[in-house]
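Each structure below is given as structure tokens.
In the two assemblies presented below, chain A is common to both, partnered first by chain B and then by chain C.
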Partner chain A sequence: MKRSYLYFLGTLIFIGVLIFPHFVSNYIIHIAVLILIWSYVSTVWAYMGRFGLVSLGHGAFLGIGAYTSGLLFNNFHLTPLVGMFIGGIAAAIVALILGYACFRFGVIGDYFALVTLALAEVIMLLIIALREFTGGSLGFTLNKMGNSFLYLSSDSKIFFYYLALAFVILSILIWKKIDKSKIYKAMRAIGEDELASASLGINVIKYKVIITIISAFLTALGGSLYGQYITYLNPHTLSGVGVSLDIAFKAILGGMFNIWGPTVGTILIVTMEETFRGIFGSHFIGVSEVLYGIALICFIIFLPKGIYGTIVNKLSKK
Partner chain B sequence: MLNLIINAIINGILLGGVYALLAIGLNLLFGVLKLIHLAYGQFVMIGLYILYVLVVNAGLPFWAAAIITIIVTGILGIIVHILIVQPLLDAPRLNQLLALAGLIIVFENLSMVIWGADYRNIQMSLPVVAVGGFYIRMSYLIAFIGGLITLGLLYLFLYKTYLGLSIRAISQDLEGVELMGVNPKVNFYVTMAAGGILTGIVAVFFAPIYAVHPHFGSSFTILAFIIVVLGGMGNLLGGFISAFIMGVVTSVAAFLTTSEIADIIAMLIFIGVMLVRPQGIMGIREAR
Partner chain C sequence: MLEVSQLSVGYGEFQVLFDISFKVKKGSTAVIVGPNGAGKTTLLKTISGLLPIISGSIFLDGIPIQEKKPHQIVEMGIAQVPEGGRIFPYLSVEENLKMGSFPKRAREKFKDRLKWVYELFPVLSERKKQLAGSLSGGERQMLAIGRCLMSEPKLILLDEPSMGLAPLIVTHIFKLIQDINTQGYTILMVEQNVKKALQLADNAFLLESGRIKIKGSKEEFFANEYIKKAYIGL
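And then the complex of A and B:
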């Protein structure tokens, strides 16, 4: 009874999400696209996060993805449809090297967070240092292509809305796929007791590296998508510590252990940012961000399982 | 060419003194309390802004402003402890880290609201002295000496007083310390206050060297972490030596290439040390 009710509600929400952009202004669609892109990125971040691999360096993968596909497109006229996969592979290679090194030497928990934080900073500095190709701190603008699906370029925001929606659905499907796979069982066991699972013959390093590579590859795709949408790449908005923390915050706030948690967190944070900006915007630049930061701290202190996670836990206990 | 490189090395050594000063407070918090204080650089930034207001806007003499700044940052440390660290003491350590990262957003934007994005420095220029063809900046030299004195005082506090002993004991075994009749709450307060005071001292010595702006903090936080990890967490002497290593490495690398490459090299050293030798160059591996 209750289950069918949930399905009905889910279908209703899905239909609402599908037809929604045809009834609202361009500004609302823009915010919705941002929500979808960051939902996707924070969901694939949570692939790792929910198993205790909290990375504060996903800005690195985001930056690699966006800059690889963007530079290939601008310099060699390569379509981002191909470019984003090359970027994804580049990010996966970085993830393989860093992941293997970290897990081989047993770097876990907050130390893993610190190492990945340094990685994000390295990639950002690298982008700035290679300023002949990347435009340095000033970034660069993607060449105009008009409307072309082949080049993932469009003047209409609705195009990107559906594209980003497809990415979010993909990330949810992959989450479910992981849940059914051997990786999930292995990672759960490792999360419970790493030593015991290793002694039972689970290849701890292998599974951790696999999940890191999947997450990095998909994050890079998201970076490329974001670059195509904004059509302007800047090292500070696509890489570095700030973005990496933002991604993690969104997933943690919503609840990284639940499949819809990161999405709920993203909706909440982006809406909060835009609302605060709407209230304070022209008067005090920064006040909105201060309130946003305070709200974040409060959420971390009082709802450590995340908002969606806490609600789901409460409901399932009843 | 060789002359210039030697000059870069001398600069690096003096810079190392400045870095050592920067890292001492973090060494106390990260090394002793195991608190990953991501907003550490922002504390220094707030200290610099307070000093700026007191000297430029209120017209106080520098020494008076310096004392007030150090007291205020100490109080700020206690406030942050009560509001953020205390409620999260029993939570996973990652939550502490994230809450303090949230504090970065608050501090950076708060100073953006109050002081704007301009670079501000107290108009105090110290001379550059030429010794035998090499140029030495007095402001660096003063910070260098200040770092030595601060380190000495902190050492005396941690190793010669009862309070210091109990703080060090907490970092080893919290439950055991409680059984010995020490109230860890008091010690946490004292350590956070000391951490705040140290950021105030850093701000005082940094004031003649750097101009402050809202995004001043983050690069210094990372730098301080690099130094503390390289030297071995909680190892004051190790932190001091690694500060000089980092000073010379970044100074020479920045001279030979660009400052970004120098920063990248610093980060890679950090990652490498975290992976291969997390106990630092001088540390002893302890069971976690």
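And then the complex of A and C:
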């Protein structure tokens, strides 16, 4: 009874999400696209995060993805459909090197978070330093292509809405796929106790590197998608510490252990940011950030499992 | 079955084990006793590949394993019960046991092994759905041993199974270890509870400040004046 009720509710929400953009203004669609893109990115971030591999450097992978596909498109007219996978592979290679180096020498927990934080900053500085190719800290604009699916380009926001929605669904399906795999079993044990896992014959380094690569690759695809949507690439919005922390916060706030947690967190944070900006934006500059920060601190202290995680836990106990 | 020869191990610059040599016969129980900080745990960790060696070699059935990685060593049939058990507290008892059969070799016979472990430790069967973190100290140790048996090992390394347990429970755990040994499993155990451990042992080694001081059979250890005085308290 309860289960069929949930299915019904789920179907209703899904239909709502599908038809929603045809009834609202362009501004609302824009917010919705941002929510979808960041939901996707923070969901793939949580692939690692939920097993204790907290990365504060996913901006690095986002930047690599966006810049690789964007530069290949502008300079060689390569479609982002291909470019995003090249960017993904580049991010995967960086993840492999970083992951192997960290895990081989036992850099875990907070130390791992710090190393990834540095990586995000290094990639941002690298983008700025390679001014001739990347436009430095001014960034660059993608060439205009008009409406073309082949070049993932459109003047219509609805196009990006459905594209980003497809990405979110993909990230949810992959999450479920991981849950059924050996990687899930191994990573769950590793997340609880690395030494015990190693003594049970789990190849700790291998599984940690695999999950890092999967997460980095998919994050880079998200970076490319974001670049296509905004059509302007800037190192500060795509890489560096700020973006990286934002990604992590969204997932943590919503609840990184639950499949829909990162999405719920993103919806909340993006709406909160926009609302505060709307209310205080032009009168009290900076107030929106302060309020946003206070709200974040409260959530993290009082709801450590995240908002969605806490609600799900409460309901399942009943 | 297991042969350790001239093994030296250290953490960075600091050497812990010096020139360790000993053998464990198939089907026997060997016990390594010694005071805190003698290097007992270090020795077990080295055998299961968790620590790199400085020099020397370790053979399992004549095959050198000192260069192998931990997961390869488990795959070859050595399983370790780490100090304190180190169960996964947020997994259920059964999930803990399932993790034990993670190695390829063990996956096929998973169901039979699980049944067997539950027969060996009926209390685990009663609590299979419970979170492992809610178990008592003795039950945790049983779970750790059961989890290690799930990988179908030839040689079991036990690191201080009596640690932090009440005397009555220690007796029970040691009885179980003896049962496991009589079912054909070779056991290498590290213990501080010298008297109890020696009662199980076929062979024993005394490890003091990184060196093996005395080797011998159970009878020889019980007869040794030094051991009597320093470790058994007679």
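The working rule: the second predicted complex is superposed on the first by the 318 of 318 C-alpha atoms of A that agree within 3 Å, B and C clash if a C-alpha of one lies under 4 Å from a C-alpha of the other, contacts with A are read in each partner's own complex, and residues count from 1 in each chain.
Here is the rule we go by: a residue touches a chain if its C-beta (ideal position, glycine included) is under 8 Å from a C-beta of that chain, and two chains touch if they have at least 3 such contacts.
All of these numbers come straight from a predicted model, not from anything done at the bench.
**Student:** One more residue to check, A:128. First (chain B), second (chain C), both or neither?
**Tutor:** first
**Student:** Examine A:118 and indicate which partner it touches, taking first as chain B and second as chain C; both and neither are also allowed.
**Tutor:** First partner only.
**Student:** In the superposed arrangement, which partner chain does A:150 touch: chain B (first), chain C (second), both, or neither?
**Tutor:** A:150 contacts neither chain B nor chain C.
**Student:** Does the superposition put A:188 against chain B (first), chain C (second), both, or neither?
**Tutor:** A:188: touches chain C, not chain B.
**Student:** Quick one: is A:19 in contact with chain B, with chain C, with both, or with neither? Answer first, second, both or neither.
**Tutor:** Neither partner.
**Student:** Between chain B and chain C, whom does A:202 touch in the aligned arrangement: first, second, both, or neither?
**Tutor:** second
**Student:** Applying the document's definition of touching, compare chain B and chain C: which contacts more of chain A?
**Tutor:** B
**Student:** For A:54 in the superposed arrangement: first (chain B), second (chain C), both or neither?
**Tutor:** The first partner, chain B, only.
**Student:** Scan A:6 for contacts with chain B and chain C and give back first, second, both or neither.
**Tutor:** The answer is neither, since A:6 touches no partner chain.
**Student:** Okay, in this complex, where on chain A does chain B touch?
**Tutor:** Touch list, chain A to chain B: 54, 56, 98, 101-102, 105, 107, 109-111, 113-115, 117-119, 121-122, 125-126, 128-129, 241, 245, 248-249, 252, 284-287, 289-290, 292-294, 296-297, 300-301, 304.
**Student:** Which stretch or stretches of chain B touch chain A in the complex?
**Tutor:** 36, 84, 87-88, 91-95, 97-99, 101-106, 108-110, 112-113, 218, 222, 225, 229, 258, 260-261, 263-264, 267-268, 270-271, 274-276, 278
**Student:** Report the residues of chain A in contact with chain C in the complex, numbered from low to high.
**Tutor:** Answer in residue numbers: 185-186, 188-189, 192-193, 195-204.
**Student:** Would you mind writing out the residues of chain C in touch with chain A in their complex?
**Tutor:** Touching chain A from chain C are residues 48, 50, 69-71, 73-75, 79-82, 86-91, 98-100, 102-103, 147-148, 151.
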